[in-house]
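Letters are used for the chains, namely A, B, C and D, taken in the order the chains are written, and counting of residues starts over at 1 for each.
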Amino acid sequence: MEGTARLEAFSDGIFAIAATLLVLELGITEPRQLTHWQSYLAYVTSFVTIGIIWINHHHTVALLGRVDRTMLFATNQLHLTVAFLPSPTKLVAVFLNKRGERSAVLAYAATFTVMAAMHQVGWQYASRGRRLIADRTPESALRGVDLAYAPGVPMYGLTLVVAFFSPLASALLTFATAAFYLPSAALFDR
Amino acid sequence: MEGTARLEAFSDGIFAIAATLLVLELGITEPRQLTHWQSYLAYVTSFVTIGIIWINHHHTVALLGRVDRTMLFATNQLHLTVAFLPSPTKLVAVFLNKRGERSAVLAYAATFTVMAAMHQVGWQYASRGRRLIADRTPESALRGVDLAYAPGVPMYGLTLVVAFFSPLASALLTFATAAFYLPSAALFDR
Amino acid sequence: MEGTARLEAFSDGIFAIAATLLVLELGITEPRQLTHWQSYLAYVTSFVTIGIIWINHHHTVALLGRVDRTMLFATNQLHLTVAFLPSPTKLVAVFLNKRGERSAVLAYAATFTVMAAMHQVGWQYASRGRRLIADRTPESALRGVDLAYAPGVPMYGLTLVVAFFSPLASALLTFATAAFYLPSAALFDR
Amino acid sequence: MEGTARLEAFSDGIFAIAATLLVLELGITEPRQLTHWQSYLAYVTSFVTIGIIWINHHHTVALLGRVDRTMLFATNQLHLTVAFLPSPTKLVAVFLNKRGERSAVLAYAATFTVMAAMHQVGWQYASRGRRLIADRTPESALRGVDLAYAPGVPMYGLTLVVAFFSPLASALLTFATAAFYLPSAALFDR
């Protein structure tokens, strides 16, 4: 496999495993916990967000003509953050609306913020001066990705701020972001 | 990799990981639990069902000519449900024939029902008006898949209803569905 | 991807995940357990055996020209058994030389026996009358695989019998089988 | 897929799974443990090191023209060690600066040393007399890899010795090695 194909395959692996491991950290170990809605909120939010990152990552890599070691390392940092997500997800699943919820949601929001920042860093490195961009990729496609990724860091930064005032509101906002990104991303594709 | 190949690879990853994680939730942590047949019933049922979904998914994707973002999101919902399966599987493995078995089996049956529904939704979206179907795919192949997928939701809906009256009967019915689908699916392939 | 390539990829996924999950069931959660040699014995035996199965499976699939649904289902049963391996591995890791060791090692030996039998069943189905064998594959290659796979079931059956008399001897025999198969398999390749 | 491509895919699977499983062994199960910096130190060190091994392995395999069974087995031993890493990582995450830290860090350093040694063994086997090297690979590329891999075993051997005197210093040294290898490896690529 060539450079970008193998990077994609490795990223796919990390994303798929991280998403699938989420269930092990659900915090539902007895039937009476099945009504614990916080577990589903955290699970669905994290799973859908990883799905969106996967689609965006796929979209981005398709514009590249090659990868270099710096890009591999930037991607590795993104992997590290995505792979870390099951941990704060579990804390939110178990502790939302309980004692310690503020720290749990702060960790959750911080992880998403770092994730969005890492995604942005990788993209900026690859697209600046068309460093790793394929010749076939039109300039308009780059502007489209710039626009699509721009809200990520401010949005998750906002959930971080909100978490100080209301952990529940922050968690719901993160869920809403995931739910909103779906049609938005679909729209942007046309 | 092109669109459908990469979607397949990602689905394969999710299905393989979810199936393999089942063993971590088996509930057999001591030698004297080795005779706890409920664990094997739940494990084999879930594992074989994921295997069938994998085969069917493979069969379906082979008929597609392309994927779009909506299809990716529909597939993501299917992934989410399959990846969730280890959780209710564990509840059935540990609590069948014990206090709380009804909730456990209801969650199990509900997960399978949603899974079948998500599979149906993706297929209907892709095949309606041959939206994503490859030109090479004959109309008869589409009708074949329609027929093969039609029993899924009613069948698992039935296990959901049965779970209210007899959790054990519902679990056995889910196992029987998995066991029955094997030769049936093999037959349909000819 | 074509039939055999995708089957290989899925098998690779199952084997890689099952092998990597073994570490989660190692039973070493505190520094003072680091001298618990039974954990390493069980871990290395299972890991190397999965590695051998992977190599053999790769060797087998390379001789095939196509797969059918029956072969997929036979392979699914092999997957099911390999994916189950972390559970008895943990029991051996934790209970060898302790109370309950006999049941633990019996479960371990039984799992390996079923695994070898499933491997044999898949191979017999594929090779009988050259049902799924590629035209390019010489008859001598089939005889070579027949010879190489023949000892599997009797060998693991023997570890099952030995487990009744001495669990430790059975576990060591399983380890020796894994260690022995390496040069043997390498030899057979020439 | 041909020999080297399939070996790469399998290695990618093992590396991706081992890296992603690290989070399950983080030892952060309550919000108040979120300030437990030892968990992050161990997690990031192990994750980045696996990432470096992945990049180096990719670089190495790209120089090969073929693989044989001996190479597969050498690679299997590397896989075994990488897959084992989550276990000592957890011990360091939980016990650094606590009772038992020496054994924990010794196990950690020993695992990295074995990992570097296995990597070296595989490379020496493949490159000695250009045994598995592709015709297209220039001799200078082999010398480059020789130079790049040479510090691995002595470096991790040093962390092993340091662990006897100061577990914390050893853990920090392992982290520094991972952090240092990034730009170094990038440099070597030019």
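By our rule, a residue touches a chain if its C-beta (ideal position, glycine included) is under 8 Å from a C-beta of that chain, and two chains touch if they have at least 3 such contacts.
Just so it is clear, the model here is predicted, and its values are computed rather than measured.
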item	value
Subunit C against subunit B, contact positions shared by both copies (same if over half, else different)	different
Distance between the centres, which are taken as Cα means, of subunit C and subunit B, whole angstrom	26
Geometric centre distance via CA averages, subunit C-subunit A, whole Å	37
Junction residues of subunit C - those touching two or more other chains	9, 13, 17, 21, 24
Topology of the chain contact graph, where touching chains are joined (line, ring, star, complete, other)	ring
Subunit A to subunit B touching residues, read off their complex	5, 8-9, 12-13, 15-17, 19-24, 26, 28-32, 34, 43-44, 47-48, 51, 54-55, 58, 182, 185-186, 189
List of subunit A residues in touch with subunit D within their complex	1, 6, 9-10, 13-14, 17-18, 21, 24-25, 68-70, 72-73, 76, 79-80, 83-87, 90-91, 95, 100-104, 107
